[in-house]
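Across the two complexes that follow, chain A remains constant while its partner is chain B and subsequently chain C.
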Partner chain A sequence: MNKDNIVLEVRNLTKTYESGKTKVYALSDVSFTAREGETIGIVGESGCGKTTLGRCIVRGIEATSGEVILHKDGRQIDFLKATKSEMKELRPDIQMIFQDPYGSLDPRMTVYDIISEPLRYFGNSTKDEINRKVDAITEKVGLDKSFLRRYPHAFSGGQRQRIGIAKSLILNPKVVVCDEAVSALDVSIQAQIINLLEELQDELGLTYLFISHALAVVRHISDRIMVMYLGKVVEFGDTEDLFKNPMHPYTKALLSAAPIPDPDYKMERIILEGEVPTPVNPPKGCHFHPRCRYATEQCRNTYPPFEKRNGRYIACWNSGAMEAE
Partner chain B sequence: MAQKKKSSNYYYASQWTLMYAKFRKHKLAMASAIILIIFYLTAIFGNFIAPQGTEQFDSRYVNCGPTPVHFFHEGKFVGPFVYGLQKERNMETFMYEFSEKSDEIYRIRFFQQGQRGGEYKWLGLFESNLHLFEAEEGGVVFLIGTDYMGRDLFSRVVLGSQISLFIPIVGMILTVFLGILIGSIAGYFGGRVDNVIQRLIEVVRSFPQVPLWMALSAAIPPTMKPAQIFMLMTIILSLISWPDMARTVRSKFFSIKKEDYIMSARISGAPGSAIVMRHMIPSFLSYIIVRMSLTIPHLIVGETTLSFLGLGLRSPATSWGVLLQETNKLETIMFFGWKLLPMIFVFITVLAFNFLGDGLRDAADPYK
Partner chain C sequence: MLFQKKNEQKRYSLPDNVLLKAEDLRVNIKIDGAVLNAVRGIDLELKSCETLGLVGESGCGKSVTSKEVIGINPSNCSSTGSILFKRKDGTVLNLLELERDGAEYRAIRGNEIAMIFQEPMTAFSPLYTIGNQMSEIILIHHPEATKKDAKEKIIEMMKLVGIANPEIRFDQYPHEFSGGMLQRALIAMMLSNEPDLLIADEPTTALDVTIQAQILDLMKRLQSELGMSILFITHDLGIVASMCQRVAVMYLGEIVEFGSVRQIFHNPKHPYTGNLLRSLPRIDSDREEKLYAIKGVVPVPVDLPEACGFHERCEQCMEGICDKRFPPVIEVEPGHFVRCALYGKSEG
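Let's look at the complex of A and B:
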């Protein structure tokens, strides 16, 4: 495993929903690269397009435009435009762990059928091979072999999530999108599942796109963090750096909202005024300007470019001015 | 220990096991299921259970009321028997009336060769004249009376059930087939296709039913065989009743399409056909079964209504609706009230199917 190897490149990914004359930008112009074995945390408030981003990358929903390029054996293939035979090869590489451990398992199938389902569609595994793979993966995710004949209704949320993880890992993926993978679980179980995800990452060299609204969890697990606002990436940088020194005013406000478990700590919350604008009719210029206290005339007129500044990508006109402050 | 055993069984229980367990708790539905099984078995063995064949009649016993089955004669147990009947003209109404002669005893014999005319071919294969019960030579047993030609009504109800209970199943299959086909097309493709199908459904549903039946049954040539006529009637009924089914299937498609496990399957690489066959259809199969059990009574009542109005089958072919046809005159009900008794069978069957559907509906989704 080499942490400098790029495995996934997302370029200008856009997803719009159209209904009559209104056009909603759920995702606009998102670009980033992910390296082998790293975890990218994707944060933002609800409705900012985190989930849409994850689903477009795995092709759970079809993106309107843009590219998702997989680097495989020296080749670069656009996953979104892959032909049927390319799909057969690439599909296993990019998998997803779902948020809802109750809705994502078909209640009519046994655990064995659920976990082995992907193998049905790929490779010509014999029954013995399938059994061996299922046994191996169930052991890896910490499930008892005797559970295999049971149905999902027999399990708790944490166990179901382990089943979901087993299903997404059985094809040996390279990139796994974890869409709020622990949000539906209670805290002690969250810790178990996060530890499991980390162990699996070390063992299998997985790249995670970890979508979550829980900042503490994201900070713990991620190498880099991407902050989204209204379908766009506003800031993207190394975790510790970003948490210590947020540059975008939205990131500042978002991080200040995370509670710190220390009763003596005096929180300096930045309270944002106004509502999140609707993506149906986003404000002109920077989408954040109506709620931003640093907004200038320039912010109101043109959207800032997404540029690298001080080792970090950021979309803001004023980040330089704020630092001086 | 017993508790533990039970819960571990629950872990291994498939959807159908869970559904059955839940269904069994619905007492009314269980009872209805048993009643329906009895009715259907009666229909299958109809020629054997009915004392008379379809074409047998006895002009001596026209419009005869039910003959009670007795067990005791003058305080002494003699087993099931009927008294002989005396026919007298009532000088006030000038109609024949029947009364029991308490000195003539005719025992009821079981598993007897029937009278001439009672021969039948069971399932069209085995020729026989064996009947479940029959009175001794000279006596007659009419459990629910006779009609205006002296035909045993009980026999006619049993033989009529062969048509009234089975042809609706054919109609149900047709309704369900059309419903699933058209509903899944609308649900799978959505958009414009869905729109066209929805409008078509509205058109079909806005036809006034009775005039439509009349027009369509007028189109059936009267020279056809009764079973064929019935078949056509059922097809007519199905052609009107598929829209509800189609709507249900369509809405199921729409709601299940959005489930996470469908997306999960797609990400696992499942092709469209596998998603529909392995995930979508099984998830609403239970609802389809519920709808099936509720479509049958609708078709039974439909047939009964049509035949009652004289638009369906005609005598001597027999079905429950044909039997009730006689009761469309007020005087029949006044003087020969027992002729309404076939209605009870329609009533019980429809009620039982509705309760069964109710129980199935409760059991259909065991995960809630």
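Let's look at the complex of A and C:
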């Protein structure tokens, strides 16, 4: 595994929905690169486009424009333009783990059928090979072999999530999109699954795109973090750096709003006024300006460029002024 | 019991500063012929004007406990023990002795004890205007009030909780509100009769972080302005730390630890509390390589043995003790109670 190897490049990914004359930007102009073995955390509130981003990358929904370039064996292939037959070769490389371990497993299939289904569809493994692979992956995710003949209803949320992870990893993917993969779990189970995801990443060299609203979880698991607001990336940088010194006013408010499990923890909590506006008719200029206390005339009129500043990507007119404060 | 006459009810009393006290509360739920021991003998005391946190993971019995207080558990639940509640006029009642649908309980519910729920989106009916639904709570408890009085009061309450343009909002339907605004409306409605006790069952779990911060801020402000007690049910230890004065940690239908918020967070005594705090990823300290994870899963609360509920997952489990009997509750320091065999003298 080489941490400098780029495995995935997302370029200007945009998803719009149209209804009559209105055009809604669910996702607008998102670009980033992901390296082998790294975890990129994607955070933001409901409606910010983080799930849309994940789904567009795996082609769960088709993006309106943009590219998702997969680096494979020295070739660069646009995943979004791949034909059906090409997809059969590429699909195993980008997989997804879902939030709801109750809704994402077919109740009428046995655990064995669920985990082996991708193998039966992709590639031409023999029965013996399939059995061997299923055995290996169930052991890796910490499930007992005796579970394979049972149905999903017999399992708890944590065990179901392990089944979902086994199913997603059995094709040896390079990139795994984890959409709120631990959000439905209790704290004590959540820690087990996070540890499992990290172990599997080290062992298999996986790249995770970890979508979540839980900031503490994202900080723990991610190397880099992308903060989204109303379909756009507002800040993108190294985890530690971003948590220590958030530069975008929205990131600042978001981090300060997270409740800290320490009764003596004193931090100035920035309570944002108002709510996330609807993407149907987003505010002119910077989308965040109606809730931002630093907003100026410039913010009200033009959307700021997404620029690199001090090793961090940020879209804000005022980050310089804020630092001086 | 069933034929007990009203005037023969036992007389109860509570100390001056105590509003609610549950003793040896047990709730069993009948499901498909099996009996689920949802709450297994808890003692709880809530002082006036304090916020008490009830924390625990799914299935630990925190919601069942709170619903038992306000008397809205479904009919397949049966309870024993007592829940003493001090009414506004100073009389003390055992809520478990009241008839669920009786006039007395109905006079208390929504008036002296109010409750807000996790999903504000489903707490309102989509068929009626917000104003119509919010007025109901006033019209029911104050038969002398006219619709106009109720509207005035509701608009005043909407202003109090920070809903802009209350006159317009009054005539809107729930779908025209965002989640955060609906939770504000629900809080406004529930507080309009100035209850002494507000039960908040995961009131911000369905909301976004920045909206959650707004609602928690609002609840704190209203509590200091109106002076009520809050029973705050949540699984989020971060919220507990910022909202509550005292905390009860529940596991498998028992309160395993009870104390002030500082005692619980800085000096947790029960292995479950300590482990739970350790297994949280934090944003206020250095990142750890690996998270601490509690082994195993919460057992199903059917036919539980007379033993500590946590013993199977506990690293400090003492064989022959923890798996053989119920540990007693020990006061390890003033006001800090723990139910664990590691502490105190062994009995028998």
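Quick note on the criterion: the second predicted complex is superposed on the first by the 325 of 325 C-alpha atoms of A that agree within 3 Å, B and C clash if a C-alpha of one lies under 4 Å from a C-alpha of the other, contacts with A are read in each partner's own complex, and residues count from 1 in each chain.
Keep this in mind: contacts are C-beta pairs under 8 Å (C-beta built on N, C-alpha and C of every residue); 3 or more make two chains touch, one makes a residue touch a chain.
Note that this is a predicted model, so its numbers are computed, not measured.
Asks: Sharing chain A, do chain B and chain C clash or fit in the superposition?
Replies: Aligned through their shared chain, the two binders fit side by side on chain A.
Asks: May I ask you to decide whether A:D73 touches chain B, chain C, both, or neither, giving the answer as first, second, both or neither?
Replies: A:D73 contacts neither chain B nor chain C.
Asks: For A:F122 in the superposed arrangement: first (chain B), second (chain C), both or neither?
Replies: first
Asks: Between chain B and chain C, pick out the one touching the greater number of residues of chain A.
Replies: Residues of chain A touched, chain B against chain C: more for C.
Asks: So after the superposition, what angle do chain B and chain C open up at chain A's Cα centre, nearest 10 degrees?
Replies: For this superposition the angle at chain A equals 70 degrees.
Asks: Looking at the overlay, does A:A154 come into contact with chain B only (first), chain C only (second), both, or neither?
Replies: first
Asks: Applying the document's definition of touch, where does A:E203 land relative to chain B and chain C: first, second, both, or neither?
Replies: In the superposition, A:E203 contacts neither chain B nor chain C.
Asks: Let me test your reading of the model: by the given contact rule, A:P261 touches which partner, first (chain B), second (chain C), both or neither?
Replies: So A:P261 only meets chain C here.
Asks: Is A:E275 touching anything from chain B or chain C once the two structures are fitted on A? First, second, both or neither.
Replies: After superposing on A, A:E275 lies in contact with chain C but is clear of chain B.
Asks: Answer with first, second, both or neither: which of chain B and chain C does A:V187 touch in the superposed model?
Replies: Only chain C is touched by A:V187; chain B is not.
Asks: Rounded to a whole Å, what is the shortest Cα gap between chain B and chain C in the overlaid structures?
Replies: 11
Asks: Which parts of chain A are in contact with chain B and also with chain C?
Replies: Chain A residues touching both partners: none found.
Asks: Can you check the complex and tell me which residues of chain A touch chain C?
Replies: 45-46, 156, 158-159, 186-192, 194-195, 198, 213, 215-217, 219-221, 239-240, 243, 253-265, 269, 271-272, 275-276
Asks: Which bits of chain B are touching chain A when the two form their complex?
Replies: Contact set of chain B toward chain A: 10-15, 18, 259-261, 263-271, 274, 279, 282-283, 367.
Asks: Tell me, which parts of chain A touch chain B in their complex?
Replies: The contact residues of chain A facing chain B are 55, 58-60, 87-88, 91-92, 95-96, 98-100, 103-108, 110, 117-118, 120-122, 149-151, 153-154, 164, 167-168, 171.
Asks: In their shared complex, at which residues does chain C touch chain A?
Replies: So the residues of chain C touching chain A come out as 57-58, 178, 180-181, 208-214, 216-217, 235-242, 261-262, 265-266, 275-277, 279-284, 287-288, 290-294, 297-298.
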